[in-house]
Amino acid sequence: MSNLTLVKALNAGLRRALESDPKVLLAGLDIGKLGGVFRVTEGLQKDFGEHRVMDSPLAESGIIGTAIGMAMRGYRPVCEIQFDGFVYPGYDQIVTQLAKLHARSKGLLKVPLVIRIPYGGGIGAVEHHSESPEAYFSHTPGLKVVTPSNANDAYWMIQQAVASDDPVIFLEPKRRYHDKAEVDLDGEPMPLHRAKVVREGTDVTVLAYGPMVKTCLDAAAAAAEEGTSLEVIDLRTLSPLDMGTVISSVERTGRVVVVHEAHLNLGMGAELAARITEQCFYGLEAPVLRVAGYDMPYPPSRVEEEYLPDLDRILDAVDRSLAY
Amino acid sequence: MVGNESVPTVQLLTPEGERVEHPDYEFTGSDETIAGFLRDMVLVRRIDNEAHALQRQGQLGLWPSLQGQEAAQIGSGRAFGKNDYAFPSYRELGVAWAKGVPPVNLISLFRSVDMSPWDVNETTFHMYTLVIGSHTLHATGYAMGLEMDGLVGNNDPERDSSVTCYFGDGATSQGDVNEAFVFASSYNAPIVFFLQNNQWAISEPITRQSRIPLYERAKGFGFPGIRVDGNDVLAVHAVTTEALERARSGNGPTLIEAFTYRMGAHTTSDDPTKYRLDDELEYWRLKDPIERVAAYLRRHAGYGEQFFTDLAAEADEVAAEVRSQVLALPEPSLAEQFDLTYAEQTPYLAEQKQAYLEYAASFEEER
Amino acid sequence: MSNLTLVKALNAGLRRALESDPKVLLAGLDIGKLGGVFRVTEGLQKDFGEHRVMDSPLAESGIIGTAIGMAMRGYRPVCEIQFDGFVYPGYDQIVTQLAKLHARSKGLLKVPLVIRIPYGGGIGAVEHHSESPEAYFSHTPGLKVVTPSNANDAYWMIQQAVASDDPVIFLEPKRRYHDKAEVDLDGEPMPLHRAKVVREGTDVTVLAYGPMVKTCLDAAAAAAEEGTSLEVIDLRTLSPLDMGTVISSVERTGRVVVVHEAHLNLGMGAELAARITEQCFYGLEAPVLRVAGYDMPYPPSRVEEEYLPDLDRILDAVDRSLAY
Amino acid sequence: MVGNESVPTVQLLTPEGERVEHPDYEFTGSDETIAGFLRDMVLVRRIDNEAHALQRQGQLGLWPSLQGQEAAQIGSGRAFGKNDYAFPSYRELGVAWAKGVPPVNLISLFRSVDMSPWDVNETTFHMYTLVIGSHTLHATGYAMGLEMDGLVGNNDPERDSSVTCYFGDGATSQGDVNEAFVFASSYNAPIVFFLQNNQWAISEPITRQSRIPLYERAKGFGFPGIRVDGNDVLAVHAVTTEALERARSGNGPTLIEAFTYRMGAHTTSDDPTKYRLDDELEYWRLKDPIERVAAYLRRHAGYGEQFFTDLAAEADEVAAEVRSQVLALPEPSLAEQFDLTYAEQTPYLAEQKQAYLEYAASFEEER
């Protein structure tokens, strides 16, 4: 057991991945001497060499496209995208090439590539540094999309993602980067594509992932004081979704609030609402309610607190759900 | 294109079938080898014709013809050793042939029964990529991988390896292709960028993409570029051989611009009469890649008519064989596609498959 | 009134747009002498010149990025993307630049740019030529997304899209390109962002757009023979959605089936299901059911008929909805 | 970077403050003009320092310093006529200054209160673009638009127009930048690509992006590239003046590589001690863009100490003024953002706004 920040947990997870398989490579901008702008790869180039921890030329399509080529050659590249807003120059390689190669090659080509993306807002950043692109990836068959919410999950999930034979979009909640948690460095992790009930409750099921899990736990604590019992589920995996865990909670509570920073329209909340309603049609006491970023470009960060879902907005949705 | 004669271009065999000297390049193979190239070119042109006919008969969705580009493809394809990997775009029937990929497999792609009908590892001929330029990055990454595998610069022909990536003149405008140049140069990757400048990107002439010869692009990225007469199989072979050797020995990338011509339509969906003149076609017909080799063999290597008659007969046979293979291709099924999306199937998609199978079965029952 | 194919209607609409505003420009691959691979721009370069109908270098990011620059200079560019699968190299310019410029510039910069994309399957094409990317755009605030299903709408909607001061993703149902319809060349069009009830019915509301509208109308005809009355709505506008038209239908029928070619997961059907359920929670007799492309890369077109929603799958969903 | 002295580089003023001749370029302005450049550079450096301090004091989220690049920015910025548009990246305080954009506006962006705090049309200084390279395409399209507007090649200084686009050495690796080169060349657009090679892209040295000098990139796309001493304001001015004239007169694009150095951290978030050596900094300090102009004015133009003391005082005043303006910037509100997403608001977003306002009001009531 070790008390680590999420950044350090990722660093430790990547280190273990590099140690345990010589085919694992890291590529990205400034990940070498600098250790990445968030220091997730700190010290790794020094210990594993420039061939395994590569500072790439400044071109995201090139980073991902060449990583695909390396994967075709048997490597397991982990690409770092510096910030959420900079993944789109590489989007074509991701959705058209990476996501499809397994199917197109009838399974002959495995493309075990991980794309790490620090995402989400709440850090007072300038534009393009606070976005939540998960829906763009989750809508794409062939990709898997996961996101840890805490250091322990980060440590394990990054290793599982690297070990996966499928391409994984690995979303890192940057505003939780410096949050510390106990990390069980040698334990037995839960499977990568499994959601987790992080707080049990009886009145309303609250679904969240990544940066919003903590916010929802805070909301649940506040609600408890007012006598409302929220069950909070950390989805952890966005594609595929772990509907089993979700549905068995909803069957008990009959009410759901989904929370994410990403835009409301066609966000993860939409898919969850559609599936939950289909699977629990007679069990729902209220429609699935969504608390999400508004459908506008991410605003100047001076007003991001009002833009992002927070405790009050979550509780407001809980109240509305209970009012049905 | 007319008027480009002033650009330095490597040529070893004139359109008239005369061999010429070049200060830096020579073709050292025998006349028998040259006759082999001729055979390759004649066969692939014939197969190409057959595929075209199959499309016209409704058996294929589409066919992109290689006509006119046989020398560029056979000249480069026959320069490969067993550790030289090729990343094609979508018109590389000739390269595939040189790599031993059965033509039926290539054609099956355009029959839309399969997207990956050959073993890319075994053939060292990678998947077709229809999205312009995307594969240049894969090829570069693969080449970087070869270097990491220690397969470059060992001075050991058994081990030293390279990648050759094919793309067109239009592709040079894509960001990805230029990024591939950046990465290949930055990592000194063992790669040959083989650009078939066939003068057209569908209806757009090369002048839309560039106002200077394309081989010059490489220099600005820090590696050599060279233009070769793409209709001269000997020159293409010589230039490619050298570039492959550069790559394998650790001297980095080369851009080869094979100056050639797309004699046919872009694909069977295209109608070139809308945008290009017959004159241009006539001009290029005089530079035909096959005719000049035939003329050389006839005039200077003592090949008689029997050889050519036999070859034509062989071509017809091969084409007929390919046709019957194509028509015998098994139909794909949607059911199997469900399991191909992921290496590790997801519960969600497994459910969708189950639902699909049940739904499909309900129709079976009805019948 | 004129009987035109959808292609000819688009051509006529673009011609009128070019005639009525000298700032309108067309750019794209092969749109000049060739008239585009689908001949949508046939004859336009001849009549309006190479400066207004531009064959672009082969680079989608370049086409869209330079068009943004022209729009900043006061032009109204209409970009043609040759096929759905080739829009992604330009995706960064679309979601990060185009979609945000109005907000970022506080409205100073209008970017009246139209991106025309032939989309969808059913034409026996090779890979990358049959995709349905609408969700990737609809999830993006700042873009508007529309799609005509017939020649008359195509004629008007393209003109309205060009006249719009917002960027519009204009999706053209390529498998309906050669379908003919009466086009009212001088009539009064309905507003661009309005859905349309294309067949009235009482039992189930069927929501569709673009290529699937005809399929749904066929399904409705077949259902009618068996005594089921389907109301078919052609959404026409995917962002913003015209929920008013949808909800007033659902309030009558209580049952909804959404149909699209795009992948099920996080497709338009998800958002529609979420919103409809929220707005008509007590009025729904059955959950919103979705008929969509399966969550796999578009398969070899030899099996696309089984992949794409068809009359039988729609009727099957209708039956399931009615069975609740 | 050390060791690059052999590359042909235009220089008109040595680091020691001596003017030197160049066969192709000369600076024809007066000493007064040169003193004006000095003033510009001193003031922007001082303002830059102030912004840095504001960030350190928690008043800004981030600040990308221009230190070391004053000559590149003032030399080019002061070459502009009124019809020369500039498309900056995110470090162009000096260019903005030359364009008359109030510094407080630039800084407000990094206070995250506003994303577009100046009128791009009035100032002819376009929006900052933080996504590397994206704006090079906008600039190219804008330049194409100028040409379509008939504002190029009229031999009329009142009308003829151009665009200058700023980007860094790292940016040259991006696909978009290379596509911008393709389009600019293909359409012969009136554009100057102004590359500030400050040797670093955050922690990555220029050698990661290219193994040859970057100005050479242009030639492979069919237009001229030139390297200028980016710390020599006179040379930058002269070279830019000529490139602008080329553009305006219809002779197409030019790439200027201003060879300079980022003296500070990449931004206030960066820690350059992790990746670069003090020696390098020392080497470049000797080439300071401001010192050499001061030396020239002192030694060869008779400017006495009073001038420099006054200038320093003016700089402090200006900086203090900027500081107080920054601190007085009004706070944005989320409510107004709802109406900015579209030119024509959508009902859906209007509803979201309504709900937000009601929700926000419910808190007001509670208080």
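To keep things simple, chains are lettered A, B, C and D as they appear, and every chain counts its residues starting from 1.
Everything below uses one rule, namely that a residue touches a chain if its C-beta (ideal position, glycine included) is under 8 Å from a C-beta of that chain, and two chains touch if they have at least 3 such contacts.
As the structure is a prediction and not an experimental result, all values here were calculated from the model.
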item: Most widely separated chain from chain D, with each centre as the mean of CA atoms; value: B
item: Chain pair among A-D, C-D or B-C whose interface repeats that of A-B, sharing over half of the contact pairs by residue number; value: C-D
item: Inter-chain centre distance, chain B versus chain C - centres from mean C-alpha coordinates, in Å; value: 36
item: Chain C-chain D separation of Cα centroids, rounded to whole Å; value: 41
item: Separation of mean Cα positions, chain D and chain B [Å, integer]; value: 44
item: Overlap residues in chain D, where contacts from two or more other chains coincide; value: 114-115, 131, 173-176, 179, 182, 186, 208-209, 337, 340-341, 348-349
item: Chain C residues counted as touching two or more neighbouring chains; value: 56-57, 59, 61-62, 85, 89, 92, 96, 103-104, 127-128, 141-142, 239, 265, 294-297
item: Footprint of chain D on chain C - complex, ascending; value: 25, 51, 56-57, 59, 61-62, 64-75, 89, 92-93, 96-97, 101-110, 112, 141-142, 144, 164-166, 193, 239-241, 243-244
item: Chain D - residues contacting chain C, complex; value: 114-116, 119-121, 126-127, 129, 131, 134, 136-146, 148-149, 175-176, 179-180, 182-183, 186, 337, 340-344, 346-349
item: Residue numbers on chain B that touch chain D, as the complex places them; value: 172-176, 178-179, 182, 185-186, 208-212, 216-222
item: In the complex, chain C residues that touch chain B; value: 29-30, 32-35, 37, 55-59, 61-62, 85-86, 89, 124-128, 264-265, 294-297, 299-303, 306-307, 312-313, 316
item: Residue ranges of chain D in contact with chain A within the complex; value: 61-62, 109-115, 130-132, 170-171, 173-176, 201-204, 208-209, 269-271, 274-275, 331-334, 337-338, 340-341, 348-349, 352, 356, 359-360, 363
